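Below are two complexes that have chain A in common, paired first with chain B and then with chain C.
== the complex of A and B ==
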């Protein structure tokens, strides 16, 4: 109650006023700046080298595309726990259908993502099942589908022996104007999502997540908006799987595992509320970059790579906690 | 305070009453049907196979009891699988120094403490349970990998391998005996004890419970602590069955525990569910797995089928929920 009253009361301090109005944008910016400064100071010059920053973008591009999808779902008040296995499934479909040619293989991988997304979306939107349990079950199905396709192993060629063409792996490691080509794919995906948020269906994401009942009363097609959100998320994850295969040169049924926690961490560091209805694209982009710098930083201060997951677990809990404080 | 029995169901006709009774005990019905299907397959009904189902599924069964108590409070515990991994690693590392008994006690208490931290975060902040336990999943799995240096920890102690190999009365592995004892204790606790009834109360309506004097935060913390305790005991059994502390073990076990709880008729909305039907839910999963094994279904396909079973359980639960709301 006190908090609610404080929100309405006139605020004298101009800084407090700016913070209260723009905290959703300022928080991820602040966090990002603090992490970058920490990395720059602690690394004795090893951080701000072109090679290191380029490497950050190589990693960031894959996560960046997937985090955009998670962001869309989180705005609707949902969550997608199948992002990681969708990445794996897409990478596995892509490599194993290489015999058909690159373009059909890309199309099949994206179609695989779309099927996962429509399944998630249909169960959440039509049957109103809790998103975390639906996407957990679908994630299990996608994972075992990826295992069935490759018989559990990582593959670098199709069953008929067709290897990944050199053009694909070059795409995954090439630079254009000094930046990874894949990071332009990320920029393109950002552009598409910004555009999507301005379409009719995209604009409805926020009211659906913010107040579903009000959205229904205002004749917003809640069911369709939800369905599309999950479909978009899984297709973006499938794009992430393609980028992974191009970068690493393989299709791997466990490739996507780290991206589940990462994509959620990026979105919540970006200030989006898991209760839906709020969050910015800029925040999610900064969240992705923050995570990249953070893993750089943990390496620099000598935290074992096996602890990365634990660090991310702590980061997720802390970030969501900060976001709930801000919401009050 | 909500009750868990069907006293509120009208049951207008005898047929409707039978229908309600069957709906309430879907897990038992499913178990009987699966046993009938299984009995047509050679070796399914043999003592050896039943014992092996119990052997594999008593670990899941322990997790399912902990999961049930969390689900009663309308929460969820996604960290259980990684807690099994962490617990087995801690056990493996401590056995040479502390002996099996000491190592087991420390491992179980440590995992219970992790559960308690989840509970504290759920009870005292606005964080959704799935995100708290997802974060804990990351933390436990990172710790397990780091402590074990990303390799399995070999446990060469005869007492540990005894846990895996001892069979009571020709059919019950030690794990199953633990599971049954814990089931009976928890069933009495949930059904008869005041604090046990609190779990149903706060899942039914947290605000109403608060007003009527139920210590909501204490009960929430207790629920996640019990889930951690169950995961700790499951970790010991897991390590006993395999003879190793496995930092990547237990992956996906929470999924099966949740599936068992939902097959047992619990609602993710909280306030509804029983130990007996949850145990039946665990055995349903065990029978499905055994039937698939015996019919030669490849391992990777079983993951798909488990995912579909979980989805079906959720969908059926939701249909029941929507019908009772009408």
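== the complex of A and C ==
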């Protein structure tokens, strides 16, 4: 069967064909490169200094870990609006249980994240409630929980007076081979998610998000896939909360708030569709870095902090525009 | 009044074509969908557009309705060039399209749908009374007896389609495109549609009719244009064609659809359903053995698809038992059914069969991936190889397994879903309308696959509304009506009349329930 018989004639332009096949990967790369070049040019050399790049990674690591979770949920066609409060909750559980020792405190914080994730997942997967509403509501509950634990204030020690050990804060600010230790945690999380995407459940994220009904009829255990996705997302957010506490040296019941929208923005800039079924992990990583360079850039160029959000907004709109353009 | 409007148009004269397509080409990344296509539509003529799936019919329709912009060439409507890529303009200029999947808003009333986007208003407020009256007028003209206040979701597909025609009339369409309108129709519904089309014809509307049912073409068509591989192949009056010469023109070779059947082989019982109750299914008992194709016939709404969905655990069961290879099972999900060796190819390929934005090869591997249980990561290499090999034997076009499944035509999409279950080595395949919307060539291929499966000792339960398909492919025929099994026929005793008799045996009851 040759092409002519099949009604398919190859189109000559090789760039068009490369773009049509790899646009999902190329688009976030393109956006990232443009932003980096802009940063390098506009900042008069202040951008590409080791100190500045290191700073970028310090900020990027926390968002990076959380955005991975958001990415997983977005592929399933869902969204997790509780990422921010889960970060806060994890952060306050960690610091307030410091009296038990660092390792149990880490375990408790992660368990807190897992509970949030299983609650989200159960409501979405078993009861088939809309993710937007479910995670918004669960976020409110987690927010109250975080407030109650600390009486609404940021804490730097457990109720019994145990402070955060120096080792923890060192971990949050230390460098290894010239890079922040926390950024290695991000890399580790990326590795874990890449592995997850290769498991059966991870591979099924895409069909579940692309067409749930078809996925079900094709023998895919949709409920389990969704449940795991939300659980994974919240546990990653909890890791983000731990990184935050290590970096700042406190447990803060509102620490996570800015990370929610940034995590969604990173996934969208990374080229994933909020309707589900598509998006690459590389895109999300680049999305996180793009957001980092962007706020870095606005600082370096001297754009007023009040304008930073607006610049971010414009970039997000551009990215979404490119996403839709690409799918037309 | 509608008649006066039309008389005032220059198109009422038959001398000049209402719509003319010349030298139109359109390509998508990597694919030339149409090359130098020509088409001429005249007032009061039913023009049939024929071709295999993937021949470019859908692309051409999308150009005519303004959804796509052609890369080159011209389309003129009443002698004036069409505004390319502007669906709204096309609609208002009088190009109406009626699709298999009707594009009405299910939650809105019939009247609201008919005037969607341009309701009669006064001071910016919708004049509900006037809208209802106008809608009623258009409904009367179409001859459909539904109230303008009925919600579209409460109508069956045939009724919805008639509402879609009324909607096009309300926009004073002078060109009406029917894209596989009868795919899920019963014979009676087809008759109604044809008498409607004849009356549209008398009013001087130019009609473009697309269908895979050749009989319909010879019954309703005046002229046939054949596309093949995106190119204009032939255009001539219907009388110049025979059944065989039309197939020959479309496929480029002789196809014999009904000689594929091979005798069944004796095999053990695979599936036994006893007194199944689920949704509209009231009482269904049947068996499927290895080495046979069981045809499940009946009217649309008889509960055949619902039976299938209940068996694979996609819908809950109210009562009855299901045994697989002699063992009773409670199947609560399609995943569980797959583990027992049962796979389903659903009727609605796009909605339930495929994940359109994912690749062909990924789509074909889902069931196998789920079933390849074992320690560690799933063996993707082996799964991909197996699927790629099977896809090759399916002669899927285009043959690149990495393009999104949504870019393939209906017949090729169906082959992907079939491949999924072949890869998973399902023992029992439940095929729901396996060749609906599939072209002749692919249809013959699918029949070949079904017969091959049977001789390999697998069982097939085939739901079909196409009587010829049921009669030519099945070894045994079970007829359902109103949620119950009405009778069973062997291949030898089955005739069109006997199947229909059984299928209609509960019609009066069905109508009672509808009323």
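Quick note on the criterion: the second predicted complex is superposed on the first by the 301 of 328 C-alpha atoms of A that agree within 3 Å, B and C clash if a C-alpha of one lies under 4 Å from a C-alpha of the other, contacts with A are read in each partner's own complex, and residues count from 1 in each chain.
We take it that a residue touches a chain if its C-beta (ideal position, glycine included) is under 8 Å from a C-beta of that chain, and two chains touch if they have at least 3 such contacts.
Remember, it's a predicted structure, so these values are computed and weren't measured experimentally.
When both complexes are overlaid on chain A, the residue A:132 reaches chain B alone and has no touch with chain C. Of the two partner chains, chain C is the only one touched by A:277; chain B is not. Contacts of A:215 after superposition on the shared chain: chain C is touched, whereas chain B is not.
In the superposition on chain A, A:308 makes contact with chain B only, not with chain C. For chain A, the partner with contacts to more residues, out of chain B and chain C, is B.
Legend: residue contacts after superposition of the two complexes on their common chain; A:166 is shown touching neither chain B nor chain C. Under the contact criterion defined above, no residue of chain A touches both chain B in one complex and chain C in the other.
Chain B contributes residues 76, 78, 121, 125-128, 130-132, 134-143, 145-146, 149-150, 252, 255, 258, 268, 298, 300-304, 306-308, 310-311, 314-315, 318 to its touches with chain A in the complex.
Looking at the complex, you find that chain A touches chain C at residues 1, 3-11, 16-17, 19-21, 198-200, 203-204, 206-207, 210-211, 213-221, 277-278.
Of all residues in chain C, those touching chain A in their complex are 27, 29-33, 35, 54-56, 228-230, 252, 312, 314, 333-335, 337-339, 343-344, 346, 351-358, 362-363, 366-367, 369-372, 377-378, 380, 395, 397-399, 402, 420, 424. Across the complex, chain A meets chain B through its residues 79, 81, 123, 127-130, 132-134, 136-141, 143-145, 147-148, 151-152, 261, 264, 268, 274-275, 304, 306-314, 316-317, 320-321, 324, 327.
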